[in-house]
Amino acid sequence: MIPPQFDYHAPGSLEEALALLGELDDAKVMSGGQSLLPMLKLRLASPANIVDISRIPGLDSITETASFLRIGALVTETALEESEVVAERYPILLDTARVIADPLVRNRATICGNVAHGDPANDHPATMMALRAQMVATGPDGERVIGVDDFFHGLFMTALEPGEILTEIRIPTPGSAGGGAGGNGLRSAGEQSGGAYIKLERKVGDYAVAGAAVQLTLDDSGKVARAGVGLTNLGMAPIRATVAEEVLTGARLVARGGFRGAIDKMRDAITRAPDADEIINAAAQAAADATDPVADRRGSVEYKRNMARVLTARATARALTRAHTPAGG
Amino acid sequence: MSDAKPRTSAKICGMGHSMKRKEDPRFLQGKGNYIDDITLPGMLWLDIVRSPIAYGKIVNIDASKALEIDGVLAVLTGKDLEAYNLHWMPTLMSDTQMVLPTDTVMYQSQEVAGVIATSRYAAADGVAAVEVEYEPMKPVIDPFQALEDDAPVLRTDKEGQEDNRIWHWEAGDKEATDKIFAEADVVVREKMHVPRIHVASIETCGCVADFNPVEGHLTVYMTTQAPHAIRTVLALVAGHVGLSEEKIRVVSPDIGGGFGGKVPVYPGYVVAIAASVVLGKPVKWIEDRMENLQADSFARDYHMDAEVAADASGKIRALRIKTLADHGYSDAQAAPSKFPAGLFSICTGSYNMENAYAEVDAVYTNKPPGGVAYRCSFRVTEAVHCLERVVDTLAHKVGKDPATLREENFIPKEAFPYHSPLGWEYDSGDYQAAMDKAKEMIGYDDLRREQAEKRARGELMGIGVCSFTEVLGAGPSKDFDILGIKMFDSAEVRVHPTGKAIARFGTKSQGQGHETTYAQIIAEELGLPAAHVQVEEGDTDTAPYGLGTYASRSTPTAGAAGAMAARKIRDKAAKIAAHLLEVSEEDLEWEPGTFSVKGAPDKSVSIQDCAFAAYTNLPEGMEPGMEATNYYDPPNLTFPFGTYICVVDIDRGTGEVSVRRFVAVDDCGNIINPMIVQGQIHGGLTQGLGPALFEEIPYDEDGNNLAGSFMDYLVPTAVETPAWETGHTVTPSPHHPLGAKGVGESATVGAPPAIANAVVDALAHLGVTHMEIPIRPDRVWEILAAKGVAK
Amino acid sequence: MAKHHITVTVNGEAHSREVDSRLLLVHLIRDELALTGTHIGCDTTHCGACTVLVDGVPTKSCTVLAVQADGADIGTVEGLAGADGMSALQEGFMQEHGLQCGFCTPGMLMTGTALLAANANPSEAEIREAISGNLCRCTGYVNIVKAVEYAAAKMAGADADAPAAEEAN
Amino acid sequence: MRIEEKFTVAASADTVWAFLTDPERVAAALPGAEIAEQIDETTYSGGMSVKVGPLAAAYTGTVAFELDEEAKSAVVHAKGQGKAGMGNADMRMTSRVVALGPGETQVTVEADLSVTGILAQLGRGMMQHVSRKMFKEFTEVLGKELS
């Protein structure tokens, strides 16, 4: 398996990279190359030019500001796995990184590459949807910020223009107005959030049969203030399961203790409020209903829809547990 | 039944010692010499244009653009080979197979043209630039459809071929078997498919063909498990163009895994040889993984319909199996010529029964030709899977624990040598001992209790049992040959004056550790330290003729030959010792490495002393030197056996199966190197796990191979593979010189039914009696959903 | 198509070459530098037979361009052995029968070496996870896990006479 | 592979029928399709290039039209060969046009698509996604052009 001929360019700065993308015909941006090079070797893609951005300084950091966790274009999956702030505060990201390809691929593969590739079978897009991430595209005219909902256009298609590079992903911090699961609601005191990504794969290194990312923010009464649900490989593009999010939002999924818990219980009994399991199941079913999978060697349409349901329920349960465990759990 | 202590000291390191492998240092330091490591001066590269369609006419091949590429020297097509009558070649089963097509392609990824260039990269560019115009035809993919009256006849090249049938094979007494079925209390039946799989050795196939135009001599370095047989086949195929056998040298270098996939002659080898002959330069061909998975010989692909007749208590009375074998477009199996269905008639397994009848029909389809054995002694895996599955169904039907039902049907150990209803003479066995040990190791009764508790809670846990009997060591010359060449194997042992030795064999290791185990055999018999015995295989110019390594035949045949050759040398050494000690031969005693005088143990000479004397101080009239050759024609096959028990847990939400524990108790007779035997079992189990849960090569209706790369051909990683637990019993083979039986493939044979039985066992209370392999999560989930237990 | 002048240090030795854009690192190592211990097994970044260390990081060299490695420090299996023969991990593979055909072994060794550099005392699960990008068709992985454990124990100065592979009888 | 689609267009049945039976207009509505020349009364030669992100494939071949004016049913048989060993594609598509009202027409499309080669082999339902995407774009253009 030998790649076709192309010209390779390794710009030393972002400006240089953008200039190259402007000048060159049929140029493709490469960071870790772990998706692009296999496609070249299979001769499924044959760009005339490859612009390798991996030598550009300053794009490889993970930093947390008051509002965002900022992941640079060259941050590898391994770096994400080893990041303390990710482990402590964004376990859903750690979940996601850990199930991508295999450890050797993750040493080179980047988060931004995983997202920019636009492959609905990639894992990060669903998580980014659950987290309401923002994509920072840098082009000849500077930066523009694209909300995750507007980013994925279809099979291998994204909002990135040919001359643009995905230079950063911004994830709202759990404590920020974004509240982890987005929305514009102001954060109230005592909020807690947690998330989880669960992937069903046939073996290590496989694309997902299905994957579900769930991020929950609970208010101080234990009710879901905001919910984010993203799904992997269940349609032509990554899917945000908005109905499932609506089902979860406002629900109290975990009982409070003590006197307030007893009052809750009485009220729920009188109003015949559905219990937590029923709500989670309803959300999971709503997630399944949002999918549009095709049958392949990974399973039938019915199987995949059901896996969307099962994985969403499990990811929701895990997200809840984490929301109730200090420091992300 | 307990392990005998090794007869030799740790210094000599004969049988029973876990000697560290002699081949390891070079592999560990990156100094192995695999096919792609060979570079010859002036070497060119071959890359192959392959058909993207499964069936169709070639309208035109336009190589002009390829020839314009810098470095591309030539494009060889079927028409070019036709000029030398080299466009077709015989298969090992006396069928024919195209080298390159002249007009029709018969399967996806079939070789269509060869591009020869000065580099790997130019050759690949050349392949992409060759334009082939096809006129596609509707392929025949389903073997059952291939048998229908309106199916197109695929092999129009074969005169008199009026349908897609290749052959019909049967064994046993049909009438007597049918009679038992008609009167039996209980009959159970399962239909099952053991699907097409691929050995997927991590090293693909390849060769460097080096034709010397001045001397008319051809050297072929190639990934072959059977170099000598290949040399003969090459001479038969290309003798008419001047390549006679004395001018052909086949060298099999280090092999990165074989498992049966490196037995056949693939078109790529022949095209490389043709290119080297035409261009007068060395030509290298190395397959990539997609070519390997899509065009090399597959394994299995047996559709079986199995029935067992029993009395009301579950005592098995008879077995009846009807099978359809999908061979692709040519019967290119690597099997003994008189055994078109391999050793499938081992299908009565470990159980005593009155009668049995098995039949196999083979058909052509538009798929790659085959099949090879995938770490199995010629269709034993299919036979064992079939029997062990349907025996479980019987246990379920009569309400008995599957282990108990097996025990009640075992051939008792007093019954050996046992004559099976389908004609085998089992050499030795003690099936109950292996079962007892496996049950004890895994804690069988506790597991059954745990299962009952879990079932009550709605959790799905299963315990699977398999008690297989293998048949290895092909084979005795009265029955076994390949293209007429008897399936003996050989050893040649030379002891040098200083007491060191070289031993050469007709087999070829692909990871089995022959350099170590064969040295241990010589050490056992001669008392020379195994460290002082250099083992060589694979070069047809130096090694004695043999049929090669596959079907677990190395220890039963070449290993025996090594022992016999060493014994000849020891006999000669005894005479020399008597001469040196000035006593008669009858007065000598032999302890490994030393002859001493009976009653006077301090009067002794070492085997090294004898070796030196063989060159320096001979008894009068004795021929100098110390070497011997043996061509070993085994009197019978060997019949290793074992009991495997597997515990699985099933996720009711996703249908995922996880193998929690797996205990394998094997009996391969006397053990040469326990460490290596255990390693072989670990590997075999993993190659049983793969087909049971992951591996399969499916085709869509258009003939597209849907598992053509490691993206979809799912080789288990360390994460999916459980920590195997192994144990053994020892029941020596009475006819093998060392009492050994062979072990390389037992685990591949025994593991799939153990795993499948465990999954079925987990679902048995729901009325499930069978699961097709590979047991994919979606398949399990469909059943859970149908039974209303999916979460 | 453009050529690129690159310099790579392989096992401590610097090499300069003019390479095509598309030359894969594994082909630079095998075909140009004749270090054939690094193998090729799959082409689709699954098998890990081509694993080398790039600046200490285990990397599938079939999925990296040679030009991407310009300036890098590359380690291959040929560079593992010390003056006294074999590294602790190589010795572990030999003692625990962690290899059979030997084809995946160099990749396993490079991955294992990097694992032990990062984690001196990995658990069985950690070892299995670490080598999950390296396929082996012969050993069933059990003894590869033991080989890594052997090396960890030896490097920790523990009793180097770790018991060899014995059956659980 | 079988694809079935049903959609309504806000145009008269005759308008839709005229569109669906005009090779040039159909080609223009299919992204990547191109009619090169007319070979005979019902057959045209042409090409189709499929580009999905970095993934690209190009086919050349023929397309034949078989029309049943009365039943407003058209059978289009397209077959093509991919460049650089990409494999072959063969599609037999039957479209039926049914007037639901004066300005509303239902189109049903049934297509049998057979694709060989690497795109069909990648076990990810890639071709299903690609063909669904093409149909979707086609119906969008159709709707836009005629409404």
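Every chain is named by a letter (A, B, C and D) in the order it is written, and numbering of its residues begins at 1.
Assume a contact is a pair of C-beta atoms (placed from the backbone, for glycine too) under 8 Å apart; a residue touches a chain by one contact, two chains touch by 3 or more.
Please read these numbers as outputs of a predicted model, since none were measured by experiment.
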Contact-richer chain pair (by C-beta pairs counted) among A-D and B-C: B-C
Chain of greatest Cα-centre distance to chain C: D
Length of the line joining the C-alpha centres of chain C and chain D, rounded to whole Å: 51
Whole-Å gap between the CA centroids of chain A and chain D: 35
Separation of chain B from chain C, taking each centre as the mean of its C-alpha atoms, in whole Å: 29
Distance between the centres, which are taken as Cα means, of chain B and chain A, whole angstrom: 45
Residues of chain C whose C-beta touches two or more other chains: 20, 22, 43-44, 46, 129, 132-134
Shared-contact residues (touching 2 or more other chains) in chain A: 1-2, 4-5, 42-43, 102, 204-205, 207, 297-298
Numbers and ranges of chain D residues touching at least 2 other chains: 84, 118, 123
All pairs of touching chains, each written as two labels joined by a dash: A-B, A-C, A-D, B-C, B-D
Parts of chain B lying in touch with chain D, wherever the complex brings them together: 49-50, 52-54, 108, 127-130, 132-134, 136, 700-708, 711-712
Touching residues (chain side chain C, partner chain A) in the complex: 1-2, 4, 20-22, 24, 43-46, 48, 51, 57-60, 62-65, 67-68, 70, 111, 129-130, 132-134
Chain A contact footprint on chain B (complex, rising order): 120-121, 124-125, 128, 288-290, 653-656, 694, 698, 706-707, 710-712, 714, 716-717, 719-720, 776-778, 781-782, 785, 790-791
Chain D partner contacts - residues on chain A that touch it in the complex: 28, 36, 39, 42-47, 117-118, 121, 154-157, 207, 236, 293-298
Complex contacts: residues of chain B adjacent to chain C: 3, 18, 20-21, 23-32, 34, 36-37, 39, 120-121, 199-204, 254-259, 288-290, 441, 510-513, 674-676, 678-680, 682-687, 709-711, 715, 717-719, 721, 723-728
